[in-house]
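Just so it is clear, A, B, C and D label the chains in written order, and each chain counts residues from 1 on its own.
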């Protein structure tokens, strides 16, 4: 059975390492913060200007001056710090953030990613995504393996306008965990109950399948 | 009679205009702060990180953490602000400072200035001077007209390594006030009791002398 | 140096058609509400607005979009505004979309006298079209240029009569860089205090960058995504 | 994330010959005294030091110069140090003199992932030799590159265990940019407090830039030019 959004978030949370500063994009990536493994301490950076982002405020405690990059009201943890947007992207561009997790419309086998524009249809802007993908050493994409019509979003080449080139290292979808290296996707894990054949069928890009593809272990 | 250092500082102080932010270099320029004309409000920037610099502290009130660019202990006026060196030079390079006053070893008729190095002999470094002269629209140089041997420091071309090119607009010396434009010095005022002939004799660069050269009025 | 002006009308004196205006804020957080409402009132037209976002349909820059006072937007993300998307897709509105970090850095550069700098952001994308590409340490970068504005309008939490500003929490965002990059910078603050009341060590924007300051009459501080948990 | 180390010895662990070290401070104001003294103790040699100044003969970086531990200095002004001038003029010491604003900006660029930027400072002087020149808005600029360091050692007034820093008055100077530009950044502070005790709105350097923090044992805070007026 393929993963839901929470499953994807849980699997990505397993990639967190102690002491990392992490930037989580809008959507599925935001959910990762809810599933930090026991014993792992990380700190979340939100590019609008906070490090040490905490959970949503209790009802009635919302502060219009304290939001995350998704414009949601948030709280600040002990030891948090606020800063301006130039400093925020200095952290990102200067590779002081160890992990970036973001969503995508398409990912290609060379690590290209497209997630900001559908020409003539949806043009919301790239926000901080282009800075994040061009800068981070460690980028994990959280996405659905296929679109609603069933077409693969794990491609040989992106068809949509790119957000960044040769940058994605790992993709976690509702079906699989894949690494990207040497211009190919490499299947690492299957979602519980999902067969290698299903993953291969849903993947347009070149996919290297090892002899043994373990199932993800969640919870 | 030629001016002393205080005289030069007093004359330069007459150039201050209301509302200006001003950066004063080490030496004679520092003295300018003592002779601000009545009714004129200016604010002093020191490039090590303070705006709203006040007078020296009272004996016993010195604070090692509060100094000016000459490493002297200072005080902060009401409304002062501290900032880092990058922000300080953002103010300077971004032309938010309206006037820079600094000393020089040599000035040339095209506005070149040399004030940081005597090859093989004195190499103290340029400090902030190169940023200041390259950025400011309005630069006044405070200096002696000649060196101790009597040789002119107001030159056709600088002989020492340059601090900046085509940047000085006005020079105030112990003998004269001169503007620099069209690649020439233009005599504007004489020090009290100093003749035009004395100034011409002490000036190596091309000097335009108008029919009437008024004496400076100090105090 | 006293920068205080008595109200928003005086603060925006000299605002003219076809000017370039920077406006601080991220989403609706830290936007100069009073000045935007005044801009609507004046009916000024043909503006080029540099702002990370474009407000929502009925608040922030959305108000200027409704009245078609904006000719061109320079932003990084405009997804919360239907009227914006309509005007853009129909070609009524020129739009220059810029990576958020490049936008922030370009404003800072404009204020800091840095005419251009290299960044990796956008390399290989349509953002890089027509821009110089150069490799540093084996990694391709593109050359981005400084941004400045006729007016930069920022919003702070506290300010003093010298123009020194302190922002609150994430309402800081783009305000400090834009304050640096305006030919005339206007600050609207929630609380205006006499010079000397702010700790010089705690000031975020130095008064040298600010030409006019006033206390805003009313701040709605609308929340875009109210998200809470239960006690 | 706890960045606290117990003392200056632990803070400087991994310091090796021939490393590049950034040190905050302007003159003797805001310098990491404890770390400098420890560097002398370790006897580490062949250092490239990036610091606006070079201390005085018997304090600050002057201590490392006396012991000939420094191979190369990258500074803007070194006029208060006779031993420095002697080593430089005799050729024992390599020296790279950089305009102060360019030095500050190059450190910031190093920390901010900006590999290079254009500045007018130094055009037409020996600083510009070998550097690309380009005109922007009719004015010539030179291309300057980012600076980084193996260790950046900074001094702050207060810090918390997360590495967040607050500087005092003009002791801030180069410390914030250098803190950004170190592969490993070490902060020595006058007062180290638990996370949560510093107001997140008043922090000058975010803990993300700092890898190790400790409370200095003793701060002499020597004054270079004691200037006073009489009451």
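In this section, a contact is a pair of C-beta atoms (placed from the backbone, for glycine too) under 8 Å apart; a residue touches a chain by one contact, two chains touch by 3 or more.
Worth saying up front: this structure is predicted, and the values here are computed from it rather than measured.
Undergrad: Between chain A and chain B, what distance separates the C-alpha centroids? Give it in angstrom.
TA: The separation of the two C-alpha centroids amounts to 56 Å.
Undergrad: What is the distance, in whole Å, between the centres of chain B and chain C, each centre taken as the mean of its C-alpha atoms?
TA: Between these chains, centre-to-centre, one finds 36 Å.
Undergrad: Can you work out the whole-Å distance between the CA centroids of chain C and chain D?
TA: Spacing between the chain centres: roughly 33 Å.
Undergrad: Residues touching two or more other chains, restricted to chain D: which are they?
TA: 105, 108, 112-114, 119-120, 167-169, 200-201, in rising order.
Undergrad: Using the touch definition from the top, which residues of chain A touch two or more other chains?
TA: 50, 76, 82-83, 86, 89, 92-93, 135, in rising order.
Undergrad: Touch graph of the chains shown: is it line, ring, star, complete or other?
TA: Graph shape, chains as nodes and touching pairs as edges: none of the named types, so other.
Undergrad: Every touching chain pair, please?
TA: Applying the touch criterion to every chain pair yields A-C, A-D, B-C, B-D, C-D.
Undergrad: Quick check: in the complex, which residue numbers of chain B touch chain C?
TA: 19, 21, 41, 43, 45, 50-52, 76, 78-83, 86-87, 89-97, 135
Undergrad: Where on chain D does chain C make contact in their complex?
TA: Touching chain C from chain D are residues 105, 109, 112-120, 136-137, 141, 145, 166-169, 200-202.
Undergrad: In their shared complex, at which residues does chain D touch chain A?
TA: 1, 108, 110-114, 160-162, 164, 180, 195-196, 200-201, 203, 206-209
Undergrad: Of all residues in chain A, which touch chain C in the complex?
TA: So the residues of chain A in touch with chain C come to 46-50, 55-74, 76, 82-86, 88-89, 92-93, 112, 120, 123-131, 134-135, 161-166.
Undergrad: Given the complex with chain B, which residues does chain D contribute to the contact?
TA: For chain D paired with chain B, touching residues are 26-30, 52, 75-80, 85, 88-89, 95, 97, 99-105, 107-108, 119-127, 157, 167-177, 204, 221-231.
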